[in-house]
Amino acid sequence: MTANPLLDATGVAKNYGAVAALRNASLSVLPGEVHALMGANGAGKSTLVKILTGAIRADAGRILIRGEARDVRSPAAARRAGLLPVYQEPSLIPDLDVLSNLRLTGTPVEPFRAWVRELGIPDLDIRDTARDIPLAVLRVLDLARALAVEPDVLLLDEMTAALPANLAEKVLEVVRRQGDSGRAVIFISHRFVEISALCDRATVLRDGETVGVVDIVPGVEEKIVELMLGARIVKTHVAARGASRNAATGRPRLGVRNLRVGTKLNDVSFDLADGEVAGVVALEGQGQDELFSALAGSIRPSGGTIEVDGQPVKFSHPIDAIRAGLAYVPGDRAEALAMQRSVRENIALPFSAALRNWGPINMRQERARVVSAIERLQIDTRAQGEVQRLSGGNQQKVTIARWIAADARTILCFDPTRGIDVGTKQEIYKLLRELAGHGKSVLFYTSELEEVQRVCDRVIVIFGGRVVDIFPVEETDEPALMRAAYGLPRGAKADVGILADPTANISDSTTPVAAP
Amino acid sequence: EGKYTIGISNTVQGNGWREEMVCAMKAQALASGEVTKLNIAHRNTDAAGQLEDIRNLISAKVNAIVVNPADPAGIKAGLEEATKAGIVVVAVDQAVTEPSAYIISNNQEQYAYLGAKWLFQQMGGKGEVFYMRGAAGASADSDRDKGFKKALAEFPDVKVAQEVFTGWQQDQAKQQMLSFLATGTPINGIWTSGIDNVIVDALVESQAPLVPIVGADNAGFVGQLSSVKDLVGAAVTNPGSIGGAGVTLALQILDGKKPAQQTVLVEPQLWENATEEGKAKLKAAADPSLSPEWPVSISIPDWTTYTKEQIVACKGPGE
Amino acid sequence: MADRPLIPLIILLVILVVILQVLRPGIVNERWIANTIKFAIPLAILAGCQTMTMLTGGIDLSVGTVATMSAFIMATQVVNQDPAVAFLLAMMPAVLIGLVNGIGVGVFRVHPLIMTLGTSLIGTGCLQVYQRTVIASGAKIPDFLAWLGTGVTYGFPNALLLFVPLAALIVFTLSRTGFGRLLYAVGDSERATRLSGVQYWQVITALYVISSVLAGVTGLLYIGLIKAPSLSLAEPLVLPSVAAAVIGGTSIFGGRGGYTGTIIGALILTVLTTLLTILQMPEGARRILFGLIVLFVTAAYLRIVEER
Amino acid sequence: MSRLLRRQGWVAGLFALLVILFIITKLIQPGYGSGDFGSLARAVLPYAFAVAAQTVVVIAGGIDLSVAAMMALTSVTAASMMNGASEEYALFVVPFVLAMGFVLGAVNGILIIVTRVPDIVVTLAMLFVLQGAALLVLDAPGGAVAEWLKGLISGTVPIPGLPDAIDAWLPKALLVLIICLCIIWIPLRRSKLGLSIYAIGSSELAAFRSGVPVARTRIIAYALSGLFAAFGGLALTMSTGIGAPIPGPYLLASVAAVVLGGVALGGGKGGLLGPIVAVFVLRLVRTDLTLLAIDPNVTAIIEGAIMVAVVMFGAFITMRGRQ
């Protein structure tokens, strides 16, 4: 493969406010190649695909298509340049039928139908409205729509994630043949089986940066994991846990029994004790969002029970959860904060929630509680008039301070260190441990595996909406957590072969994973 | 034992004059004994809405329609359709342009001319006048405008300081008067298209100088002309009971007694409080028992047969 | 923070008054000031309704109908009823319409603009049917309301006796009560308040009822001022009330603003109306200007917020 | 077939409601005939155009509060241009006024795109501007209309081959309505532009990713709304023979009929037929209440209540859908 690259991107960068989605990404794809794009959650894969296909504009970078510099300004322009994406989220217009969707994008109908059959859906009615079509089929239709225009470069973002095994297989077949016919495919997936079965090379992204390009040969998986995790892989425990570990004694503070939420969360059970920090480990979209939302009273579970101090509870509004002493700190600070209001008002917000507290505010008392919470979290209050003027880390602290001030017994922390500097992170770890030390309990989801070891007493691993493992934190290290998160059995230490084992439950057809 | 159904269409609601008109229609329909049912479409709307009302009345197969038109041109087509459907059409209070319709109304041009001329004389033939018109587009308003302009032409030194449409609504007129007073523009007289007592109130409450003012024979204003200190003004008659007359006319036509002309005009009179003679007339006409917005001329000789109790009760046949 | 635009607003007000004085020397005297304040008060109260609803990202276009209804019912009921009974009857539709608005917006999540327009349509219809039934009984303005609406004592309009405590109450509610905090927070981010345990429908329902009751009170004050009960009495104040709140610095998107700015906004509009009347600006041009101001101010606030 | 029924179920239900109302009408007034149906069609005309105007933008995921004001402005413009002018001059006036509606509608869209102020605020501001402009054109109802334009919506057209008994039930106003709407709507519905309008209303992000020029499509949707509103303004002038600068009740009526017609206020769903049938339903309710000699203000209450109930119901459905 010495041909000139079909697509060559270098130095691509993209910022969302303070978040750098991409810093310095590069990607070079040759004709006839199936090229894997790999990276942990949030590494910037989807962002790169969106930039390459004109769905968003890059802040910097150079993109060559067939050696020519092209400024792809819109999806339509990308299409003209022969680049066709299948994004991570379905792209059919929900309220139009399939035929209209084809007309909208100028896709020829007959080739499309042929591809749909080829991809294993023999009986599609193209008069069906997209909204009524199951997600897996929609993904296939997205692909067929792209294939129908015979693109030079096909970009597939977690195409197989939502597919049952039989459909996934067809997709892999078709993709392979695309490569054989001299076109190029960029293939994003978290499933190593697929990568090793399908791809020629892989580009690995970490924190928005291209950190390596490797040929896919047997045994390369370990190397890829290494690249994906970077220096973090060798981290050892640092957590200074002094607190009592009384998880086994008495009634659990929070009990979750066979909890189900739609199709996203199936049969989750675990306990959380007073004075304990339990870490939830999961890849993106394994149902952890739904779990936290259900515990926070934001969505209603479709089955199972939640018990607080041994009593079954039903939440129909977050206020119910709060009354039961469960406080939720969402991952997205914008979700938790009234950005135009002051630090004080944001921290005091739960005080006014109940009807009986709608009257005059005892300003002195409120002040005292707010100030003590601010001090406890060391929030930089130079810009306290409006929370939106605080730095990201300080905003994050405000979302936690609120529940410290309200003295919540159990805190549900969803990825609280996202986009936060090292120092602040340390403070938050310390705070969570302190809370546990005071007998509070914390359920802690983090996308950074390393934090699990620093903060948690126990690890709850969720994959495909199920708890696949629960174990004390001492029994693990980061690679093991990584494997666990990928749904690989514990104990199968560093045995790379297993990563390629098609019988592993990764492609279990009942597993709806990695939805947006 | 009546035999006719009469449809009524009116597009200004909440104006005392119009309410008296509707009550007169009801009372006269009852008193005549000839009407089984009134079908009253009485609401605030425009020509397009009135057109819809008239057409629905046609569909209801009424024998006659008595209409106070929102806009003569705007409802012409509807009136024509009514006549074609064999329905007797009588316009009251204001003229219509549909030739097949009968009209019975105050002489609106004369009404304005009488009042304006008296006012300009009171002003000594010069100065600024605040011209408070009725509803834009209504033919009574445009006819009155002709009369007003005719008088104005006779007094070259009288100028219109400002012209507003009150929509014949008390509250709007008062607000307009008050905001005009707030500008501090000096005026020497006020001509109103029958929205009068609230204007006097506005002057008194704002402690503004009382300038000569012309209004209609509404009970409240007639009372003010005798009671408010230093108020100089005149009431020009414009009976709301013309509605009853319209019903009578419609019944006459239905009974085969067509009038000689399509248009019947009632001649207005002017009662002023600048002379003893005028004061006597005002005193005789005053009727504090009526709502201040109701014209005191609650009946029209030869045209209405109901009693005062009947019009005040405001009940039609079958109510 | 809410009062940030106060200084430029006061400057604008003073400039307008100076222009007026230049155009009509001598116009600005004690009587003129009293009259201007008298007229700004009903507008300012209705604008208070808009301020509070706009803080939550809403709007209440039914205030005109509500004010008109309470005024009309008061004036007609007081003829045969005890004033206290008439007052209760007059406030009934206000509470009812506020409740329906609140439930529509808070529970069913209907856009406030559409919801309040709809209820005002129904309210106006009801009022017109009601008017038909009381035609014979006539109307009367209770002396107390007339005194409150039109009276002036030592150069101060009596209406201030109602307005000053009311305004103080609104300002206090917005800044020093849990409910006021919630209004801002809900308008800023409903999701955030929900996660803090706030029940949206409760806040919104209470808000629209309060707004409606304030509108009802305005109606009573206004009938004392205009003294002519009619079916559209307060209708002309509705859109200016929105404008007063917008000019006073309250964002139509919610979360930002305050009542003191609104009060100045109402004064500015009252003086501006006088000015436009003096300039003989035709009604059409006034409306165009009005629309452009609303659009311009909204776009400008949007820019300011985005810049941060 | 079943899909057709499912998709058109709401419209079918509305049709059934309309038929029931016609039967009720016939029961109340056995003499209700073709002429009365003609009256209904003429009453429907301006409302139908108003609702068409609203429908386009609602499908595109927006709302247009300036519909009634746009009708008032186009109506007074047409009436004042034709005042004292020749019959032929109207041949120029009609396209001019339609173009004016189209352009002013586009201005709505452009302002939404450029200022990024929400559509509801922009069209509210434009409501004042257009109203003001209408008052500047004519400060009182007035003007005139060419006779041939009036004739265009009165009476029936003899259609060769149709028996008179049927022909009598085809009022010109209805034909004008059908022709004007179909000329624009059917090709639009079939075109890529039409699809794009549905697409941006259904999911702006998906539409953008499907290559739809979102901003341009939004502007065109508002322009079409302006165009339909201009038709409505012309219809007003044609039926009354004058122009009136104060907007009629068409804004609320248009929103009510849109929702009653099965078009989700969230966008992307529904068609034009439902809202038009809804307009017939609402107008026929008024007729029936007049036939029953019920105070027309009760009609206003009923219309308002239907609207509030339907909007609440619609909001409720959308809310359920979102969950």
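A, B, C and D are the chain letters, set down in written order, and residue numbers restart from 1 in every chain.
One rule holds in what follows: a residue touches a chain if its C-beta (ideal position, glycine included) is under 8 Å from a C-beta of that chain, and two chains touch if they have at least 3 such contacts.
Only a predicted model underlies this, so the values are computations on that prediction, with no experimental measurement involved.
Asks: Could you quickly compare B-D and A-D and let me know which has more C-beta contacts?
Replies: B-D
Asks: Distance between chain B and chain D based on Cα centroids, please, to the nearest Å.
Replies: So the centre of chain B lies 36 Å away from the centre of chain D.
Asks: Return the distance between the CA-based centres of chain A and chain B, expressed in whole Å.
Replies: 75
Asks: Give, as an integer number of Å, the spacing between the C-alpha centres of chain D and chain A.
Replies: Taking the average C-alpha coordinate of chain A and of chain D, the gap between them is 46 Å.
Asks: Let me have the rounded angstrom distance from the C-alpha centre of chain C over to the C-alpha centre of chain D, please.
Replies: So the centroids are 32 Å from each other.
Asks: At least two partner chains per residue is the criterion; list those residues in chain B.
Replies: Within chain B, residues 13, 42-43 contact more than one other chain.
Asks: Which chain C residues sit where two or more other chains touch them?
Replies: 128, 132
Asks: Give the residues of chain A touching no fewer than two other chains, as numbers and ranges.
Replies: In chain A, no residue touches at least two other chains, as defined above.
Asks: Which pairs of chains touch each other?
Replies: Those chain pairs which touch are A-C, A-D, B-C, B-D, C-D.
Asks: Give the list of chain A residues in touch with chain D in this complex.
Replies: Within the complex, chain A contacts chain D at residues 55, 74-76, 79, 85, 87, 90-96, 100-101, 103-106, 127-129.
Asks: Can you tell me which positions in chain C touch chain D when the two form their complex?
Replies: Touch residues, chain C against chain D: 100, 104, 108-111, 113-115, 117-119, 121-122, 124-126, 128-129, 132, 239, 252-253, 282-292, 294-295, 298-299, 302.
Asks: Can you list the chain D residues touching chain C in their complex?
Replies: The touching residues are 63, 65, 111, 115-118, 120-122, 124-129, 131-137, 139, 245, 251-252, 255, 265, 295, 297-301, 303-305, 307-308, 311-312, 315-316, 318-319.
Asks: For the complex, which residues does chain C have touching chain B?
Replies: Going through chain C, the ones touching chain B are 24, 26-27, 31-32, 35-36, 39, 128, 131-132, 135-136, 138-139, 150, 226-233, 236, 273-274, 277-278, 280.
Asks: Please give the residue numbers of chain C that touch chain A in the complex, ascending.
Replies: Residue list for chain C touching chain A: 1, 172, 176-179, 181-182, 184-185, 188-189, 191-199, 202, 206, 255-256, 305, 308.
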